[in-house]
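Comments concern the structure below.
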Amino acid sequence: MTEHTYKHIELTGSSAESSDQAIQNAIAKAAETIKNIHWFEVLETRGYIEDGGVHYWQVTIKVGFRIED
Amino acid sequence: MTEHTYKHIELTGSSAESSDQAIQNAIAKAAETIKNIHWFEVLETRGYIEDGGVHYWQVTIKVGFRIED
Amino acid sequence: MTEHTYKHIELTGSSAESSDQAIQNAIAKAAETIKNIHWFEVLETRGYIEDGGVHYWQVTIKVGFRIED
Amino acid sequence: MTEHTYKHIELTGSSAESSDQAIQNAIAKAAETIKNIHWFEVLETRGYIEDGGVHYWQVTIKVGFRIED
Amino acid sequence: MTEHTYKHIELTGSSAESSDQAIQNAIAKAAETIKNIHWFEVLETRGYIEDGGVHYWQVTIKVGFRIED
Amino acid sequence: MTEHTYKHIELTGSSAESSDQAIQNAIAKAAETIKNIHWFEVLETRGYIEDGGVHYWQVTIKVGFRIED
Amino acid sequence: MTEHTYKHIELTGSSAESSDQAIQNAIAKAAETIKNIHWFEVLETRGYIEDGGVHYWQVTIKVGFRIED
Amino acid sequence: MTEHTYKHIELTGSSAESSDQAIQNAIAKAAETIKNIHWFEVLETRGYIEDGGVHYWQVTIKVGFRIED
Amino acid sequence: MTEHTYKHIELTGSSAESSDQAIQNAIAKAAETIKNIHWFEVLETRGYIEDGGVHYWQVTIKVGFRIED
Amino acid sequence: MTEHTYKHIELTGSSAESSDQAIQNAIAKAAETIKNIHWFEVLETRGYIEDGGVHYWQVTIKVGFRIED
Amino acid sequence: MTEHTYKHIELTGSSAESSDQAIQNAIAKAAETIKNIHWFEVLETRGYIEDGGVHYWQVTIKVGFRIED
Amino acid sequence: MTEHTYKHIELTGSSAESSDQAIQNAIAKAAETIKNIHWFEVLETRGYIEDGGVHYWQVTIKVGFRIED
């Protein structure tokens, strides 16, 4: 049956390593408290700079999860 | 008195029937747990296709509700 | 000859019935006073909610009509 | 295996009946020549007006289909 | 350590006084129940009109707060 | 009964004083000739500069009013 | 004194000749009935095609004029 | 009968002469292989620069054509 | 003669006081080193929050100035 | 000679590995059947989630190729 | 070697003659002081109106140039 | 004290290696001549293609730095 309802929330994950890892960190954090997460979309990629390089990446994502019936 | 604060959340409703019904389904689901819902806005209309027709409609809406004082 | 000029106006129609009917209502109202209306485009679909369902649909459209030569 | 590639095309469907039917018409037409169509998204809803009502609806959609491996 | 995760929520604040005060009201309301709020961004400034003047301002903001580790 | 039709117009108000006052000035001017104005939305905030400061603020708003039945 | 109010309207001009001329045609038409026009901005450039070439250009502009005090 | 389906494709035309001519060149090229082209819309106007002037114009357009029944 | 060229730069001004003052501060800073500044446009209004209120406002503006002939 | 015409198509590539690899996969697939591909632009980065991590990345790109003269 | 860095600046050129010429004027002005300019993109086309016609065209462009290694 | 003013500039960095490295290269180049760089945001990710793969990545970023008091 496909008449599910989904909720979307907006998160920003951080990583010193890479933009992909910042996304992974935000999803891992969300999965600690939310069940049925199954989708994300990148909204914005930013970062802080120190000593002429990226100090940490900050990626804002929208995460979708199914609301329990 | 009009100095209320409102919160908006983003939901996707599904329906095999029509795009309007997908919106109704998302609102009905939200109303099970949220009081004071009084407004929605369509953000995106999508759907899944099977056998050359729309299998189910998926409409993403923003829903606004008043935060209790 | 095709060197006509067109004007666009922005209207919001309401309907308790459906999103399509809200568009029809706005166009019917505009046609009472404007001649040569021949085109519309949906800008925004919203609505008011009561008792866990859509109380009325509000669709904002841009309507185009030819200015008389 | 999930490393598929998908292609998106943009179509406008027309219907004298409703905005949902204009989408169904575009999908039915596309399905005559394209296999593996499984997704659509509404880009724009417009229409032509005659005698103070919608003469026909025109809905532009993006349609996605899997490229054969 | 900077690998925090942040959540964003969307609020509308109201004020009879000014657009800046509508923002302050939304933040004050949110701070009653959410810890670690540290950032906002204006999404939309609207208002209701009576007697040829702004009756109250309504400003929609996105508010960001750090999720507890 | 809620099946009203609304029209939106776009105005730019000016003020030497503040951005909020530029909005008030546009609404006051519109209210001289239009009845039933009940809503505005800010589209753009600009201004002219002289002597290293804002000489006057120019705020463009969309104003909505109900069309008489 | 600079506390004027301006109104903006949206027009589409047509020309068989060029995109610039389509703009000139819309402005000339508007100037027949509106005083104090002093600014335009291009919103959209489109056109109709026949025999593998542009049959006529259609440029939609926003036109601003000062409301009489 | 108006229940046609239209397809849109995206092209970039080039011209050393003018922005309008870059559009004409893209349409002429498309018309060599596609029937029933009847509409275009400008998406982006760019160009390459040499010796302090525009070396050639590059205009990206969306072109619409009717799918044969 | 009107064939001037203008340059636009993007600045963020800060103020503990108000959003309008954040704009004034950015313009005053720019005017220390740039001549012929005559126009600004608001791109983004944000702020930092402490103790349930706006700690300081941050408004990003585009500033335009005439390049000397 | 620079008066070439280019066509753009929209593809979504998938990868279990990284967002960059999803782009590479879409381009490799397109290059199997299209000649003269020479440019891409990212339109959207999404992904599917399982077990609190990105199960596979889905990046939608626009790909440009020169049409043969 | 392709690991160059490019800078983009935003300029508005003016011309009494045509929209294309306004672009040429901005580029010619920029080329007086900047080396390695090789690309532009149109951001906005506006103009001032007098006596029912375009008095001068104002086109805002983004110009890209390579930073010297 | 927080009443600083920040300036933003737009850069495109290139890398044969990855999209993240293209960002790092643009920042490293900017840091050779600008002090107090402390923030970036991705505006666009593009690239050039050769032999069915990404030849080099081109990422356009907005970089923010504090103007010296």
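Just so it is clear, A, B, C, D, E, F, G, H, I, J, K and L label the chains in written order, and each chain counts residues from 1 on its own.
Note that in this section contacts are C-beta pairs under 8 Å (C-beta built on N, C-alpha and C of every residue); 3 or more make two chains touch, one makes a residue touch a chain.
Everything quoted here is computed from the prediction, not taken from an experiment.
Name, by label, each chain that touches both members of the pair subunit D and subunit H.
Touching subunit D as well as subunit H, we find J.
Counting one step per pair of touching chains, how few steps separate subunit B from subunit K?
Tracing touching chains, the least step count from subunit B to subunit K comes to 3.
Pick from G-H, E-F or D-J: which interface has over half of its contact pairs in common with D-H?
Most of the contact pairs in D-H are shared with D-J.
How many Å are there between the centre of subunit J and the centre of subunit L, using C-alpha atoms for each centre?
22
Can you compute the centre-to-centre distance for subunit E and subunit L, using the mean CA position of each chain? Integer Å is fine.
Comparing mean C-alpha positions, subunit L is 31 Å from subunit E.
Could you put a whole-Å number on the gap between the CA centroids of subunit B and subunit G?
Subunit B and subunit G have C-alpha centres separated by 38 Å.
Specify, in ascending order, the residues of subunit B that touch 2 or more different other chains.
9, 19, 48
Let me make sure I understand the interfaces: which chain pairs count as touching?
So the chains that touch one another pair up as A-B, A-E, A-J, A-L, B-C, B-D, B-E, C-D, C-F, C-G, D-H, D-J, E-F, E-I, F-G, F-I, G-H, G-K, H-J, H-K, I-K, I-L, J-L, K-L.
Give the list of subunit I residues in touch with subunit K in this complex.
That would be residues 2-9, 62, 64, 67 of subunit I.
Sort out for me which residues of subunit C touch subunit B in the complex.
18-19, 44-54, 57
Any idea which subunit A residues touch subunit E in the complex?
9-16, 25-26, 29-30, 48, 55-56, 60
Can you list the residues on subunit D that touch subunit B in the complex?
Subunit D reaches subunit B through residues 19-20, 23-24, 27-28, 31-32, 37-42, 63.
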